[in-house]
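Here chain A shows up in two complexes: once beside chain B, once beside chain C.
The block that comes next holds the complex of A and B.
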């Protein structure tokens, strides 16, 4: 799997920002918060979270509203909203580009973009130093139909739009998001599948997101071997995420650590 | 309770509705964790696993091709299906003509992959409207709220991913009487248009679980829908509809996907006790939806597959908002959804 490319805190005016590019999807995320909240949205014991998703072309449609609702529900469960009551955390996600084949893959396009939106939102929240309960990582799994001639029906992990197009018809498609403590935060599954198939996909996703079950903590010297440009890596998404943040912190502290 | 309200109470006690309004979370937790009886009841008198039985009334609207009124407790929803003709020249998109074969070849469920045809030509147009006063959070006169737009998107994607309708039911075909190229060979069948189905869902009142109610209403209305026979008239050079109700036909739906929604109530831990207990509530009402953050929807279809947890066909899983429901929990929810499927199936076929 190719690791996504991320630029952290590159917008000057926003409190936190991130640009995320992965297999043809490119999204800019900006977070403002905690800021003043409108009177009617104010909650006495909680922070209000506002998510705006802007499509690559045109204005928002019901599809974007649905994505916003999903992101809102998921992010609300990981942001420590009770620490910053009566404030607003505003998350804006601008989709910059989509793969060319995205429309013609025959699968639900709001599912293919969902993992990327979740990652961008989380990175922007980290960049804005919003208090979080845990981190999250997300992955897309597509199960091709066994009837399709050119591919076997092994599940595709985080497939590119082109791979989806070739695997057509896809029998089922799943998006999973896991928290840092291996809890299933979000799942959207579509298509035709049995519980056993779902459980298998879920297990696989957990492995990709959080790494193997057995290992203890994160080893400290692991980040050294990783390279910035996306090359094929066999590490979990959680390690990738930690690596992205570690590199940013190291870069910001280069003067301090040099002296 | 009424006597205590008049005089200043010795301890701090509230009447039930005020307790529910002031501190909703402890109110529900007190209900669920009371161990006076064996079955703990929710605030609405149901057990945690109990669904509301749908009440279905079809054919209530006269100006629709099909309609249904569905009640799920205090959630009341009306669905009307209106069929309109989409002429060949108005078909949207850059969409290739489907391969037309002699009628009846795609009756088989698996052979036809016509879902793309229904989606690309936009033959299904669902819309959700919330009536004034249906729910306190809905302010009339505004643009459709995020809630309504989310609901439309979920219904739309469920309609297309389950491939509920057959494109062959919606095509309007015509076989010319003479073949201009070769008079001896019968002319090829041509596509002259489509039936477009406008599915209008109107909420009279919402007391939680809007998706299940609206989907059951859509299913009931589609099963009730009668499409008149449409034919291309060569002299008139346009599509005409037959006036005879005997020639009208019903839609043949593929399977019967039924959604079951659950809300996850996270019990807060008290100081001396350990972890708080969690409950997964079937078919939440509006009060429970406001208190619970995590929600799960499982769509199952047992029409063709078996009813065991392992061989039942799942069409969709939606889960967001928290991390309580894991792999094992979901297995239990699938089982509950399968049990609920039989109830809804019975209600839809008028056996309830």
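The block that comes next holds the complex of A and C.
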């Protein structure tokens, strides 16, 4: 899987921002907060979260409202709203470009973009230093229909729009989001699937998001465990996120070593 | 920097070995911004950044340089007066946040008869007296023990410049300081006021000096200049004045 490209804190006037580009999807995210909240939205003991999703072309439609609801509910569970009561955290996500084949894949397009929106929102929140309970990683899994009804086809991990088009007809697609402590935060599925298929997809998604489950004890040196037995393990999304944050910290602390 | 500090993401639990040992005088562990205590004895992070620990003060914090300024008690800030109410001025520390209160009587020599008159948009250098999450922050311009201003109060003339929060912390740090200001200050006189909320106020007597110094500080901030490059920049600034 290709790691997504990220630029952090590049917008001047927002408190936190991120541009995220992955397999043809490009999204700009901006976070303002904690700021003053309108009286009618004020909650005495919680921060109010506002999510705005803007499509690449045209104005928002029910599809965007649906995505906003999903994002709002997921992000509310990772933002420590109790620490910043009576404030507003405003998250704006502008979809910049979609892959050309996005419309013709025959699957629910609000599900294919959901993992990317979640990642952008999280990165912008990290950039704005909003207090978070944990991190979040998300992945899309597509199960194509197999040639014969008896054999199950291999699920596609985070497929590109082109791959989805070639795998047509796709029987079911699933979006999973996991927290840093491997808890399932969000699951949206579409299509026909059995419980066994869902469980398999969920397990696979967890592996992609959080890395392989370690057997007892905490891994100490993350860097060296990457190449066991000479073969490079596939990088999990959590490792990718750590890489992004490492670059952010190095950028922020470069004055300490500058001449 | 020879070794990269420990990198933390939100939700990471800090192992007990990484926390200060408490060998100094202070026995209780102090948790700074970015860390939270989950009873009974778990310490977890809430922001992404580098973990910094201080064994002497028995304190741990997460060092980060992004996002909006959050008020903490004791911070020196530059506040903008937004309006005046019955007993206090409403001041803004950052745009679009709920206003902080600055009592009329929290100025040096102010009495009920002689209240200071501050028009909207005037700048005040003040200290944060209280900052709970359930109340708007309260500001003060006097030292509560002596009743003196100690340099706090209205900022006249000059100009305001925006800098990053990390740069403001760096300029206000007890040691270190900015070489640029020492070098330029040896040749031209100017006044510099640093607010923890990412603002710096420069009064150089004339517009040219004010702008030159303000721009130079912003350049040091954006380019993360070390001593050598600051010296070069200071020479450039002096040449053009």
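Some observations on this one:
The rule is simple: the second predicted complex is superposed on the first by the 232 of 259 C-alpha atoms of A that agree within 3 Å, B and C clash if a C-alpha of one lies under 4 Å from a C-alpha of the other, contacts with A are read in each partner's own complex, and residues count from 1 in each chain.
Quick note on the criterion: a residue touches a chain if its C-beta (ideal position, glycine included) is under 8 Å from a C-beta of that chain, and two chains touch if they have at least 3 such contacts.
Note that the coordinates shown come from a computational prediction; the quantities given were computed from them, not determined experimentally.
When the two structures are aligned on the shared chain, A:38 is found in touch with neither chain B nor chain C. Contacts of A:128 after superposition on the shared chain: chain C is touched, whereas chain B is not.
Contacts of A:154 after superposition on the shared chain: neither chain B nor chain C is touched. Contacts of A:202 after superposition: chain B is touched, whereas chain C is not reached. Within the superposed three-chain model, A:146 lies out of touch with both chain B and chain C [touch as defined at top]. In the superposition on chain A, contact of A:183 is made with chain B only, not with chain C.
Of the two partner chains placed by the overlay, only chain C lies in contact with A:85; chain B stays clear of it. Legend: residue contacts after superposition of the two complexes on their common chain; A:73 is shown touching chain B, with no touch to chain C. Touching of chain A by both chain B and chain C, each in its own complex, is seen for residues 179, 181. Those residues of chain A whose C-beta lies close enough to touch chain B in the complex are 62-63, 65-66, 68-70, 73-74, 76-77, 106, 108, 110, 169, 174, 179, 181, 183-196, 198-199, 202-203. The part of chain C that touches chain A in the complex is made up of residues 1, 4-5, 7, 9-12, 34, 36, 46-50, 63-68, 70, 96-98, 133-134, 166, 170, 224-229.
Listing the residues of chain B that touch chain A in their complex gives 113, 116, 146, 149-150, 152-154, 156-157, 161, 293-295, 309-327, 330-331, 334.
Of all residues in chain A, only 9, 15-16, 32-36, 78, 80, 83-87, 126-135, 179-181, 241-242, 245-246, 248-250, 252-259 touch chain C in the complex they form.
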